[in-house]
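Structure provided below as structure tokens; questions to follow.
Residue numbering begins at 1 within each chain, and the chains themselves are lettered A, B and C in the order written.
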Amino acid sequence: MTTYLIKRLGQGLLTVFLTVSTVFILIRLAPGDPAVAYAGPLATTEQLAKVRQQFGLDLPVLEQYWIFLQQLFTGNLGTSYSFQAPALQVVLERMPYTLTLATSAILVAAIVSIPLGVWMAKRTDTGKELGANILTIAGQSMPDFWTGIMLLTAFAVLIPVFPASGFATWGGLVLPTITIAILQVALISRMVRREMASNFAAPYLTVARSRGVSERTLTWRYAMGNSAIPVFTALGTRFAAMLNGVVVVEVVFAWPGVGSLIVRALETRDYPLIQATVLVTALLAVLVQLLIDLAYPLLDPRVRLGKAGSA
Amino acid sequence: MRPLLPDLLIRYEPSIERSMMTAPFAGHEISRRSLLQFGAAAGFLLGTGALTGCAGPTGLPGADTLTLALNRSLVSLDNKLNQFDAAVTVQRAVRQALTAIGPEIKPVPVLADRFEMTGDTQWTVRLREGIRYSDGSPVTIEDVSTALKMYRQVQGSFVAGFFPEFPTVVPVDGRTFTLESEKPIPILDALMSMILITPAAQNKPEELQTGVGTGPYVVKKFNRGAGTYSLQRNPNYWGEPAAIENVEVRFLPEESSRVIALRSGEVDVIDTITPDSREQLAGLPGVVLKEASSLRLNQIFYNFRKPAGHPLSDVRVRQALSHAVNGEALVKDVMVDSVTQAEGVTPSSLFGYTRTGSYVYNPAKAKQMLKEAGVTDLKLKIIWETGEFPSDTSVMEALVEMFGDIGVAAELQQFEPGGNILAWRQGKAGDWDLLGNGFPSPTGLAITMLQGMYAGTAEKEKTRDTYQGYVVPSVTAKITAASSEVDPVRREKLLAEAQQAVWDTWPCAWAFVPKSVLAHTDRVQGLTLSANNSYPLADVRLES
Amino acid sequence: MSTTNTLPPAALRPSAVTPRDIARSAAVRRERAAKLKLWIGAACTLLVVLPIALAQVLPLADANAQDLSQRRLAPLVAGHLFGTDQLGRDLLSRVLHGGQVSLTIGLLAVLVSGAIGIILGAAAGFYGKWIDTIVSRLLEAQMSLPLLMMLLLVVALFGPSIPVITFVIAIAQWPEVARLTRSLVLVEREKPYVAAARVLGLHRINILLRHVIPNVFKQASLVVLLLLAQAVLLESALSFLGAGPQRPFATWGRIISDGQDYITTSWWMVTLPGLFIVLLVIGVNLLGDGLRDRSRRKKKEA
């Protein structure tokens, strides 16, 4: 168990490290100059050169990378050019908002999609199920930015019941959550349906049913118990993916999270801020993945972490 | 056998169906336990997410709070490095300069009560009696000299670029000092409006994001990440105290979000709005629009780094292309009358502006002139950066059509902010013919703009620091003469000559002066928008 | 699994199962559902794809022809079925021509990602060992990447041209094909014919290319339609965030993002292009779903 944990953690950290390194190199290869974004379009060549020197951008990329690594191990991710503040601090100030949105969206998705998926599994091959099936397909076919703009127009402009942007009241959470949840519900309910349907068709359930076990127990204890791992994995994975920033939705709703931050950081070529955002989000994603793995033995006693090879 | 776990660990991607290796099994106890465990694990995971770092709402402003939504994040309260319009209002509410550009685009004294030229290279300044910072400490002459030093030291400072040289502060008595320079700086009173004063001990050669100033408001709290600032009335303000107790500054980058937020009453003021937003908001109940001329000139500028034989090096071709531009249609239809066509090489709102001519739409003449110049098969590449001026993409797409009508094929290349348009402009990354670009004159003086754009020299061109390669020695000589002329009458005459000389070189295919437009809800009273696109926050009132 | 797949032919032997029962049986209903999905899917897809394919033939205004006096006309006004945009261009024509760009990018991206995915997935599944380790790690690493951000970065790096955007979408999509192919090949390689081929002395690459891949290809290629749907969505998201092909090329995402500024006065500029995307993606998804249902049933029957 402990060795497994260390191994997984090591792999996760290696992934994060490689990701951040790739980003470090990529942004420096990309055209565009942070000094211009920083000093403005009227700056002279001499001024730009000074700014580059101040940021250490006049050094060879490998040397910059070496300095970056040294700083990384002391927890220093540099100063954001555009915010004039420690990049890590800026990201950490934004992260809670993305967490709030992701948590609320995944909760809504779980609450809606699990019962919906079970309902569909129980009515496999009926007209109602087909209808629901087509609806979920529609749900996963809508571009999220379009859904967002449509919801915004309907419920913030035409019938102004929710605020259109930002997070001033809890009401501000509603529209972005719905926008994300529509897609997630569509995806997760379909997979719940699939898992549950295959369990419903399994012989063990027929046996249990013939022994007089109630339909409710059959559904929620037997079938759900066996669908727990994939469903839980799906929820966790979607959650982890959202931590990388629900970029488009945050942009549409002016949500003060890391998604809209990264778009701006890219625009201003704010290298330290881009690196810090990628580091933090990738770390969080790896952490969530690890938590999902750790939850497997809880969900299914047959799973023994770290004993995989001997199965 | 295949190991069980690695398969389970491969991420499930719900959009694609994939058979999971979950063999069904029987057993009442196990099922119940796993269900409980499922709940516990799900709760554990979601709970950690929820508890460790979620944020609550930022809170709604109260009835006595004014909320502003800026389209750029406010990262500085003293503008050392970069200056964008939206920030000026808030910055001047917290920090002030010795002078300010007043409603008539002339410098008016603020922290100084006397600001006079007392010699060719000397200005005498007296600080206002009894002015204090919000923490109660007095403003000293040392604060002024430190501020000048700090603005100079910032790398790549926007403000520093406008100073031909930084003057030195020589104290005379407790409140009076002189500003001495090597060469005459006849516009120093206007330039000093950009130097905001902070207590010397707290000033640093970098953007100040908080701290005390002499303004009518103090910073209560700010969140750099989210770009929000909360201001509170300064109880120790040396002038008339502000009418509103609290001001909230929000950052909403998307134009459509700002418009919707204003419509729904979430925010009270949005500034620098686009023509489209203006059209959407005009006539709506509860929304008031304010307009002012601006200190900015937006141009479709020619590339002056073309070799001698190139058509664009021929002034007749440059003039011909300008006749292809239907400026009236652009002003009326694309920018909905939120801009005016330029009638000179600087905006008419600037001090020292001269009318030199106008852009006339005449495609027949354009074709004729091109023919006379012997130009056929001309292909143009137009470059610009997204957001350089309002409705930029529509203007550019319209230009392609207009040039097409006189048989000139135009191609667009749009740069996203942060891209390498600078390298292109300097001719290092690729060749182009026309550039969509804006140029401001924060001092409100025509000379500032002329110096920035048309006073190119061969030496500056070596580092590609001239404005798109514009180097015309005779023009440069005229501008230089005007800038150091101490006598106001003669300076005006020289300025007029210089502007006519620039116009005659046809530097741009078209130019227009945007209006600054601001929208606010009708509960906001007493807001006066000035030409530099800002307004004194202290005068704004809220109707209850 | 199914209890109804061995129905005796009613005509040959007397049976208590009436034709009505058969019509109501799960298998028939499933067949009908799959058929319905296929029909609706085909209808939706054709409704979008046909006009796009015929955009040059249809009597439409030029997608880039501007008429500044006819700006933002509502749908059905002055002969503009979808209305006009902020420069007086016919919106329908722009949506159709934009669709050509979006669909081309989508199709090319699917081809590229399909090729990469099948080759790498098959190699990982068949050879195992270090190839599998590398491919699996890559798959996993990509899951923890901030994908959209990386795509934006790559587009910024190489400039927003159609080949770059195609490549970027392919990079985003290959894991799905690779993962599926890998799991299919893992099952396939244990089958007797592979062992037989090996005994016959065939080279491993030969076995993989000539026997294993053709056997899994059909199943793997079923995801292609779903990938196409995703590619169209991804392309529009990139265009929406500003990483689309140069103007005046219209793409769906760009039309929507331009229209966003006019949302309170000109609803059609966002709504109609969006509906086009939704219709196409629903159609393609339903087709993919229907085909998969059908192939799964056939497999069960076999």
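Annotations
Throughout what follows, contacts are C-beta pairs under 8 Å (C-beta built on N, C-alpha and C of every residue); 3 or more make two chains touch, one makes a residue touch a chain.
Computed from a predicted structure; not experimentally measured.
Comparing chain pairs A-B and B-C, the larger number of C-beta contacts belongs to A-B.
Among the chains in view, A has its Cα centre nearest the centre of the complete protein Cα set.
Centroids built from CA atoms put chain C at 22 Å from chain A. Distance from the chain A centre to the chain B centre is 34 Å, each centre being the mean of its Cα atoms.
Between the Cα centres of chain B and chain C there is a gap of 43 Å.
Taken residue by residue, chain C touches two or more other chains at 140, 143, 156, 260, 263-264, whereas all remaining positions touch fewer. The multi-chain contact residues of chain A, meaning those touching 2 or more other chains, are 31-32, 140, 152, 157, 237, 251, 266, 289.
Shared interface positions of chain B, defined as residues touching 2 or more other chains, are 6, 9, 11, 13, 15, 17, 254, 260, 263, 416, 418-419.
Residues 31-33, 35-48, 50-51, 53-54, 82-85, 89-97, 99-100, 102-103, 106-107, 110, 140, 152, 156-157, 160, 163-170, 172-173, 187-188, 190-191, 194-195, 198-199, 202-205, 207-208, 213, 220-222, 224-230, 232-239, 251-254, 256, 260-261, 264, 266-269, 288-289, 291-293, 295-296, 298-301, 303, 305, 307-309, 311 of chain A are the ones that touch chain B when the two sit in their complex. On the side of chain A, the complex with chain C involves touching residues 11-12, 15-16, 18-19, 23, 26-27, 29-32, 124-126, 130, 133-134, 137-138, 140-146, 149-150, 152-153, 157, 201, 237, 240-241, 244-245, 247-248, 251, 262-263, 266, 277-278, 281-282, 285-286, 289. Those residues of chain B that touch chain A in the complex are listed here as 1, 3-6, 8-9, 11-15, 17, 20, 22, 24-26, 28, 30-35, 37-38, 40-42, 44-46, 48-50, 52-61, 73, 75-76, 81-83, 155-158, 161, 206-207, 209, 223-228, 250-254, 257, 260-261, 263-264, 266, 416-420, 422-423, 429, 437, 439, 452, 463-465. Chain B makes touch with chain C in their complex at residues 2, 6-7, 9-11, 13, 15-19, 254-256, 259-260, 263, 274, 276-277, 279-280, 326, 329-330, 333-334, 386, 391, 393-394, 396-398, 400-401, 412-414, 416, 418-419. Chain C contributes residues 1-2, 26, 29-30, 33, 36-37, 40, 137, 140-141, 143-150, 152-154, 156-157, 159, 229, 233, 236-237, 240-241, 253, 256-257, 260, 263-264, 267, 270-271, 274, 277-278, 281-282, 285-286, 289 to its touches with chain A in the complex.
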